[in-house]
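Each of the next two complexes has chain A plus one more chain, namely chain B in the first and chain C in the second.
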Partner chain A sequence: MTEKLFTRPKSLLDVPTHYCPGCYHGIIHRLIAEIIDELHVQDYTIGIAPVGCSVLAYDYFNFDMFGAAHGRAPAVATGVKRVHPDALVFTYQGDGDLAAIGCAEIVHAAARAEKFTTIFINNAIYGMTGGQMAPTTLLSQRTNTSPYGRNSEACGHPIRMSEMLATLEGSIYLARVSVHDAIHMTKAKRCIRKAFELQLQGKGFSMIEVLATCPTNWGMRPLQAVEWLKSEMIPYYPLGIIKDSTEVK
Partner chain B sequence: MKGNEAIGEAAIAAGCRYYFGYPITPQTELAEYMAKRMPEVAGVFLQAESEIAAINMVYGAAGAGARTMTSSSSPGISLKQEGVSYIAGAELPCVIVNIVRGGPGLGSIQPSQADYFQATKGGGHGDYRNIVLAPNSVQELVDYTYLAFDLADQYRNPVMILGDGALGQMMEPAVLPETNQQVTDKPWAACGLKGRRKPNIINSLYLDPNRLEQHNLHLQHKYQLIEQSEVRYEEYHTEDAELIIIAYGITSRIARTAIEKARNAGRRIGMLRPITLWPFPSRAIRELAQKTKAFLALELSAGQMVEDVKLAVNGARPVYFYGRMGGVIPSTQELYEQMIQVISGEGGKGDD
Partner chain C sequence: MPKPVFNTERCKGCGLCTSVCVRNLIFLSEQFNSKGYQPACCKDDTRCIGCLICARTCPDVVIEIHK
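On to the complex of A and B.
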């Protein structure tokens, strides 16, 4: 008799995704789906997809979802959660969506201590539109709209969203994680799970920032992209728990 | 009861428990009223960080199955148009109140009807329509706010109440409707699977052009149904009228007094008052064109609704226009003189 040790989570549909080779969206989708299965909350989970590469996330997850206007997912999630306070509500947003056009919405959702979780995918670039500079693009990083490298004189410095939101009383749990290897995936999963658990306990706003690669728009092979994430991104965006108001000091 | 408060009470009676807004004159009293009343009925009042956020909260609450509303005034409504387009595209029911003020830009805070185009022609991007209701009294603010929630649910469409600062501030007696006990079944809402097998997805994205065209055809079909079933208007002394005034909202009240005066002077003037600005009472106006000699559209704008009057009349009769802008409200005497000028054959502005 054989035992099945590894299978697709119920909360993830058995369909091919449109994501590029070497992109982390697939891994992150799977982690979220696994946690929702483990917490047995598939029946009352409501997700909010952004505008960006993960705009079609609702085609891959197996629970109720919304597509939101660019940057507005935290406002949509606010409306949803106020109507269904017992649901598990999360937004899934990229860096252009969350840190540029949707900056007001994420800041005020956190300030109001809205009881939902944001999964923030930071790959330092606009993916879907084909590789433009994001608020999180690193200094000297070349993109299609910073072809000579991001210059702080003209474009300012990259924003560390998690640290910024940590200053707000309403945010209770903020962590920055990566999924570039098995150890980091395990840590990421633990953090996302904790954020969901805190939400289900009725606590305030939580966000998990996941550093991700974009080999296509970074102009790298997938393995080169992993190295770039480790050598360039992590030093500027340090991994770890940024804020945990629930820990007894 | 004050106009702005009447809207709030009617919404609560209709079963709305989720209000999302942002302060802007001259509708702030409605937001303040909801801030006080919603907690008393176990509802949610939320002051958003912007009009953009407020309309997206409405998108979320409506998509999650609730009766929900927002309110604002012209510059704030401009900001909401992104969300309204998404709501129309995703076919979500909601009520949007626009207490119109003068524009363009920051304009003024005085009453205006210069938002007719953005209310009735869509307002945001894409081919869509809002149902637009234009009350002209506090009682009608109550009645049509209440109706707006039913129409929104019935057609899964945004409904806009177009008022103005004068109506919002007006104090008149009004009878409130019975509290709505009926809950509309919304099997499409994204509220958690709860045993349902297929996830409900609320969105407006169709990457395949053929699917998007099908979706648009479906919306257009719905708009046709609304045009067939939901046109509302009021006629006043149109039976024998040689001149028919077309006016809505606060302007129709001034026009009515001017018409009474003209009637007393033996002038055969009547009025058709559109109550739904979209769908517009085009057929009723077309029929009146068979009987009357001319039309005069009166508006607090440079002439927006008059375009729909001309489309309805389609050249069969001359269509004249008189309007004031910037928050200036014409006097009864002023409108009376315009009517007399047109009916005396001295013409007026607008006809070619």
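On to the complex of A and C.
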């Protein structure tokens, strides 16, 4: 009989996704689903999908999902977690959703030390709306609304959300990871798993920022986009544990 | 022996898996699937060492590794 050394996790439905070729959403969805299988929490996990490319995440994950208004996933997660304190609750949000329209929601959820986890997908651009500049767009990066490249004079500097949230007492575990190769994928999975475990222990707010490619809106082939992520994004958005207040004491 | 098994109809031809195989076994086919993508395939699965890296890299879970 054939033994499967690698197959789809149970928590990820066997359906095609609408994501573009080479987009990292699929990898990140799979890592989350693998962790949920490993922790045996599929029956009491509740995910909150954002508005953005991952708005349809509820069609892909095989556990309970909510849809939230644009940027409001942390507010919905607050309600869900307070009503179901034993559930594993996470929001899955892109950078347009989290760092622009939903900036107030994420800051105050972290400040209140809400006991859920946010998976923050940072690809430095608005995806679903067609490639506009986001608060996370890099300086000089060309987008549909910054055709000559982002200019700090007019548009300010890109926001490092994880570092910003690290200044709040309510956030307990913040990490920035990438999934562009097998080693980084392993590290990313370890960080997401740790955030979920801390939540299951009843600890405060945690967020894992995952750097991701958007080949379509960056105007690149998928393999070129991987190189751009490595050479341009990682230097501005350094990888690693940004804050871990569970290690002290 | 381990070998990669492709769900060709789900492949989007992104090519990410072609760049990571330690044995350089994966390439994009000349054929098209029904969605119009040129799917990834393996030129000699007897040389696969079962490292799983191609399968883990695929955003669309196209690849399973069987033994």
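We take it that the second predicted complex is superposed on the first by the 245 of 249 C-alpha atoms of A that agree within 3 Å, B and C clash if a C-alpha of one lies under 4 Å from a C-alpha of the other, contacts with A are read in each partner's own complex, and residues count from 1 in each chain.
Rule of thumb we're sticking to: contacts are C-beta pairs under 8 Å (C-beta built on N, C-alpha and C of every residue); 3 or more make two chains touch, one makes a residue touch a chain.
As the structure is a computational prediction, the values presented were derived from the model and not from experiment.
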> Of the partners chain B and chain C, which touch A:His157 in the superposed model: first, second, both, neither?
Replying inline: neither
> When the two structures are overlaid on chain A, which partner does A:Ile46 contact: first (chain B), second (chain C), both, or neither?
Replying inline: first
> Which partner does A:Val226 contact after superposing on A: first (chain B), second (chain C), both, neither?
Replying inline: second
> Should A:Ala104 be classified as contacting the first partner (chain B), the second (chain C), both, or neither?
Replying inline: first
> Who wins on chain A residues touched, chain B or chain C?
Replying inline: B
> A:Pro16 contacts which: chain B (first), chain C (second), both, neither?
Replying inline: second
> On chain A, what residues does chain B touch that chain C touches as well?
Replying inline: none
> For the complex, which residues does chain A have touching chain C?
Replying inline: 2-8, 12, 16-17, 19-27, 30, 181-182, 185, 215, 221-223, 226
> For the complex, which residues does chain B have touching chain A?
Replying inline: 18, 20, 44, 46, 48-50, 52-54, 56-66, 68, 82-83, 86, 90, 190-195, 199-205
> In the complex of these two chains, what residues of chain A are touching chain B?
Replying inline: 42-46, 48-49, 55-56, 58, 61-69, 72, 75-84, 87, 104-105, 107-108
>> Taking the touch rule as given, give the residues of chain C at its contact with chain A in the complex, in rising order.
In response: 2, 10, 12-16, 19-20, 37, 50, 52-53, 55-61, 63-67
